[in-house]
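Two complexes are shown next, each including chain A; its partner changes from chain B in the first to chain C in the second.
And now, the complex of A and B:
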């Protein structure tokens, strides 16, 4: 504990602790600098209000979802029912909105539903002694079934808000404010309360956390509930952008989350190095590529490939850890 | 007899700022059992792990059988005759014992690419017999056997006819008593009959003194002394080696010196008629200010008693009572003032990828919480207080636990419960893999706990520390208490052992 020793914290150890974060922040900063310099040369700056609005609407849903999903990923778990949850919530919001003339009842129903889904997803693993990805597969199937039944009963593939004005949800300012609030609240929960601390501890070592008095069941369910609430918020913006929901809304979103989190430097096996900022950094990195690459003249058909290459590089740099295992 | 087989010259190895080896030179001869002793972090394991290809030196020279030696892998080293039995478990799960023994050598039993399992099993059985291991059958899946037996399988795999140098790296802590006898027999046979070289890395003084023909003592990456067999037999040898290892006089005070077995009348922990697993109707009362020791062989049931007292076992019958409350899970146990230090330190007691601070405050988080929030300054304050009190060697509380030596890790697992202010501490093998210096401070700590009126349940495979520390010792065998001893200056290990085996 002497002062002299304090300064000589080995670089290696710093890198082990913060390497993933540094690499992913570096990637985002690199993208921002690159596009800030290159895009004005080609006529339109990425910092123009129109492009920033495009960026916000591109990033908002993924960012809102990923921030919530940090609580699940930090446990070392994987939830593949998220996309279908968004789809169902959006459908309910539109449907109930048309029935009642207000979005509030629909959102409340979704919040209640999200808690139920969180309890199923979070509790069945430890209670039935199965790896948590399995219940999430079952939930995904059930939700797909419900969505299919709803839309075939309605006799259509998409429904639209009829009387409610949803233009406010297209406002990039509102998007930014809501995202900022969600990040602030989750970052607080994640870093300064027991839920977040326990989530990381459980992700790192379930047995040791349990022997230190952490209830796996209770805190895993709490994490899923926090994530579920974030998913409802994301669903509002997903639905609000077009004022509609369809039978394919949300499909594959869980993969966007996984990509965003990994790009943001989230350890795929969860644990101590999990951070809320990974969700934000990752989601923005991906969206800035979405918006920026066409602006520097890359044909839209090529963006997927470029993004895939960048993803691969980041994965090789950050996730290639000996102890890294796939989330369950 | 005195032919040099292996030589290390001016070897350096650093890990970051830590000097693991600073200019070490050592010469190994045929037919000797060379002991390497030193505290954790002294570099005793590092030398031989470089020699056997597990890691590389920064600089220095190795000469093996007259030619320069730089193995790339452990397999290369093993083929050339340097085998190392590691501290960690190293068997392949899910396959048979025979497949483990002949892993990488399947071609010896295969024709046209198909391995003849029957032949392999027979050869493995012959090999097991040769090592005097009768109770392990080659055809069984390895998973049928416990940790201790798997270690024996590893030994059989490591040692071949080609082996010239066998490195035994702190293996005995992972072996049962029977297993140790098998290993001792093996190394004596190899050294004395086959003129092979054994390097025996340990920090168990008794073991080293009993079996080694020459002893090298290391401290902080340097060789600080070499003792011949005659010097090891000298009456003051233990004192001298301890002094060399620690670098200062640690004094005679090691264990408790008083023989006062009095304690408070108040009951701290009560186990009532516990029945679970193989344990039948087990009862125990622990009082405040009492140290109750549990001894026995590793499969005797004593570890399970510790787990049950902490609410980790599902009881068929009976109850655990602490502070008037029934304990059914670790959370209730902690709330009632019980702390538990698992013998599987790295898997169960500590979160290795978390920092020292995060580990220390973990059980205390509920009480640090103000409203919903836990303030970082409260966490720092609590952790720093324990780091200071227990003298945990680190540059800050933010340092990750997996960068600490075994002794300091164990201090962190003690610190968790002293931070929490637990009144009943259940410690399972509290000094496993811990060196003398740290052991000494642990014993002082346990003594201090008794003085403060805390109840201690000390489960240990080391009889000497039970005799040295406990007020009463319960010896278990076959899931029952066979005998109870009270603390006494006349109590000897030999009095106790007969009830264990």
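And now, the complex of A and C:
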């Protein structure tokens, strides 16, 4: 009896430390197995080239954004301007692309803009002593206004690339390669450089990190800049999906990121348990549900409910905070 | 206490998991549309498959009617169907994603209620037959439209607009309504021109027509403001009625879904005394709630122009002919057809619509699309049916308010 009790302690300890990750990986594996078994019964296959391509195109933008957002979430911050950033970057890429005949100038402009937005979002919190979400709300509204003015002036709700061939951005292979590169680079930055370590440290305990000599302002801004660059990469694929941008491009993306990260086991309050893999696992889980549920005959209107319930189950399973709310 | 919380948490997760499993099983067994395929048509040598309806609404009378229509006619003709929801703002990527996620190997046709990303959808699925509904598809039928390439695609069968496709025709119709009603002071509100360019044309036409009328009229009509008040996808601001020029209006012309965007603030302003109690609303679209219905005719909503939802028959006919490999022999090129309005201008007509039509209740036994109509215009039943006759039927009074008298 005593021995059994002793054995269960390490298991509990392991679950306490790795429960969120195990649940998120388990969720993804469960979805893959479920859809692999059930879809053939209905004459479909989630492993068909067409469905894999659909899955990749569904996952790519969310994954690229979420990987960048890990740097912001690990600080314990939320950025709700991400969707509008994507919308603006996509609009600039199409607009400048049509003017110059090349996507490069538009992408460069977006990279510069992303740094400016990152500085505003990252620095204004500590400088003005306001909670970090406030600047992102302001940025979101400003970007929303700019997008509305741009499309009102253009007299249309969407603009399309006229002369540039954007078909390369539809290639699942390219999507996979770019995602792999982004994950590798960000994982390196997050796990093996001071930026990532300090980001987690700031998320875990801002005061202790400050007392240890970590510059809150500098590393916050750096995290936002890294995330911003990832958002530009995501915007390239968002725009390249249909070679277009509209006044609603990016709307609600920040919520997709939040859901993907939590599904991936990311602690919403940041800190030492933050990991880049949460973004990839969560984004794939989110998208495989999008693609797989209709294939097993679930009506589209019900997929929203099913995804919401799965989201709730994951939150309940991984929540370990003393107050019993969101995972810490 | 801690243990209790953990147990509660686990129990809640278990309940949610149970509900999820149940809903998935229920969903799988009933699937949207519910039709099992195979059909009951007279001609047993038919091709089946699934038709996707990409809807731009998820509730309301039009949605209910579309579901009722698809229920009846997909079963009748041997198809299944599924509703997918396009991007709420017609974003091309959102629409493409919606179709891609719902795509299964048995999908043969697509009815689209919005045009964003149409060229990408048809490039991705070149075998798919596509037709538009309740949309003028300006991006397809304008020279520099983003989807102009679709117009000549032999798998695209055109669209039936939600009313007049040309803003000039809409403007003339509304100007005449104002003149006939004897109004002397009117305002125009509209959805933004960048989203609905034809509304800007309609606004301009209204002003030109009334200016022309004023040249010989004994009592001229005043159209307040130089331009229409633009509603940015949200209801008219209540402060509109605080402006002196707007307080004694005879009518507001709503170039938008006016029951949704203008009626609430107008009725509120009338109730609070900030607007002329006799101000009437002339607008488009129809909401199903009983209080709104009760106010149509001689109430606040004086004249309502409702694109007839029953024109979804155009989509079903064009798709069915194509899927069966029996398209009309005289059909050569896709086009945008004007939608016929159900013009509700009196309590009696409103009552007819409520009682004799399926537009508010989805009761297909009251539909003008009867078996006889199908027998006449679907080539699977009538190989001699022609597009010219079909087109004439779609543009006829068979779809106006007169059909429900």
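One rule holds for everything that comes next: the second predicted complex is superposed on the first by the 311 of 328 C-alpha atoms of A that agree within 3 Å, B and C clash if a C-alpha of one lies under 4 Å from a C-alpha of the other, contacts with A are read in each partner's own complex, and residues count from 1 in each chain.
One rule holds for everything that comes next: a contact is a pair of C-beta atoms (placed from the backbone, for glycine too) under 8 Å apart; a residue touches a chain by one contact, two chains touch by 3 or more.
Bear in mind the structure is a predicted one, so any value in this text is a computation, not a measurement.
Participant: With the two structures overlaid on chain A, would chain B and chain C clash, or do they fit side by side?
Facilitator: fit
Participant: Determine, under the contact definition given at the top, whether A:101 touches first (chain B), second (chain C), both, or neither.
Facilitator: A:101: touches no partner chain.
Participant: Going by the contact rule stated at the top, is it chain B or chain C that touches a larger number of residues on chain A?
Facilitator: Residues of chain A touched, chain B against chain C: more for C.
Participant: Quick check on the superposed pair: does A:192 touch chain B, chain C, both, or neither? Answer first, second, both or neither.
Facilitator: The first partner, chain B, only.
Participant: Quick test of understanding: once the structures are aligned on A, what is the angle at the Cα centre of chain A formed with chain B and chain C, as a multiple of 10 degrees?
Facilitator: For this superposition the angle at chain A equals 130 degrees.
Participant: Classify the contacts of A:58 with the two partner chains as first (chain B alone), second (chain C alone), both, or neither.
Facilitator: Second partner only.
Participant: After superposition on the shared chain, which partner residues are touched by A:211: those of chain B (first), chain C (second), both, or neither?
Facilitator: first
Participant: Contacts for A:145 in the overlay, against chain B (first) and chain C (second): which applies, first, second, both or neither?
Facilitator: After superposing on A, A:145 lies clear of both chain B and chain C.
Participant: Please work out how little space separates the C-alpha atoms of chain B and chain C at their nearest point after superposition, in whole Å.
Facilitator: Superposed model gives a least chain B-chain C C-alpha distance of 8 Å.
Participant: Where on chain A does chain C make contact in their complex?
Facilitator: Chain A reaches chain C through residues 42-44, 50, 54, 57-58, 148, 151-152, 154-160, 238, 241-244, 246-249, 251, 290-291, 293-302, 305-306, 309-310, 312-313, 316-317, 319, 324.
Participant: Any idea which chain B residues touch chain A in the complex?
Facilitator: For this pair, the touching residues of chain B are 16-17, 310, 312, 329-331, 333-335, 340, 342, 347-355, 358, 362-363, 365-366, 369, 372-376, 387-388, 394-396, 399-400, 403, 416.
Participant: Looking at the complex, which residues from chain A come into contact with chain B?
Facilitator: 1, 5-6, 8-13, 16-17, 188, 192-194, 197-198, 200-201, 204-205, 207-215, 271-273, 323
Participant: Can you tell me which positions in chain C touch chain A when the two form their complex?
Facilitator: So the residues of chain C in touch with chain A come to 5, 9-10, 12-13, 16-17, 19-20, 23-24, 27-33, 58, 82-85, 87-94, 96-98, 100-106, 116-117, 120, 139, 146, 192-195, 197, 232.
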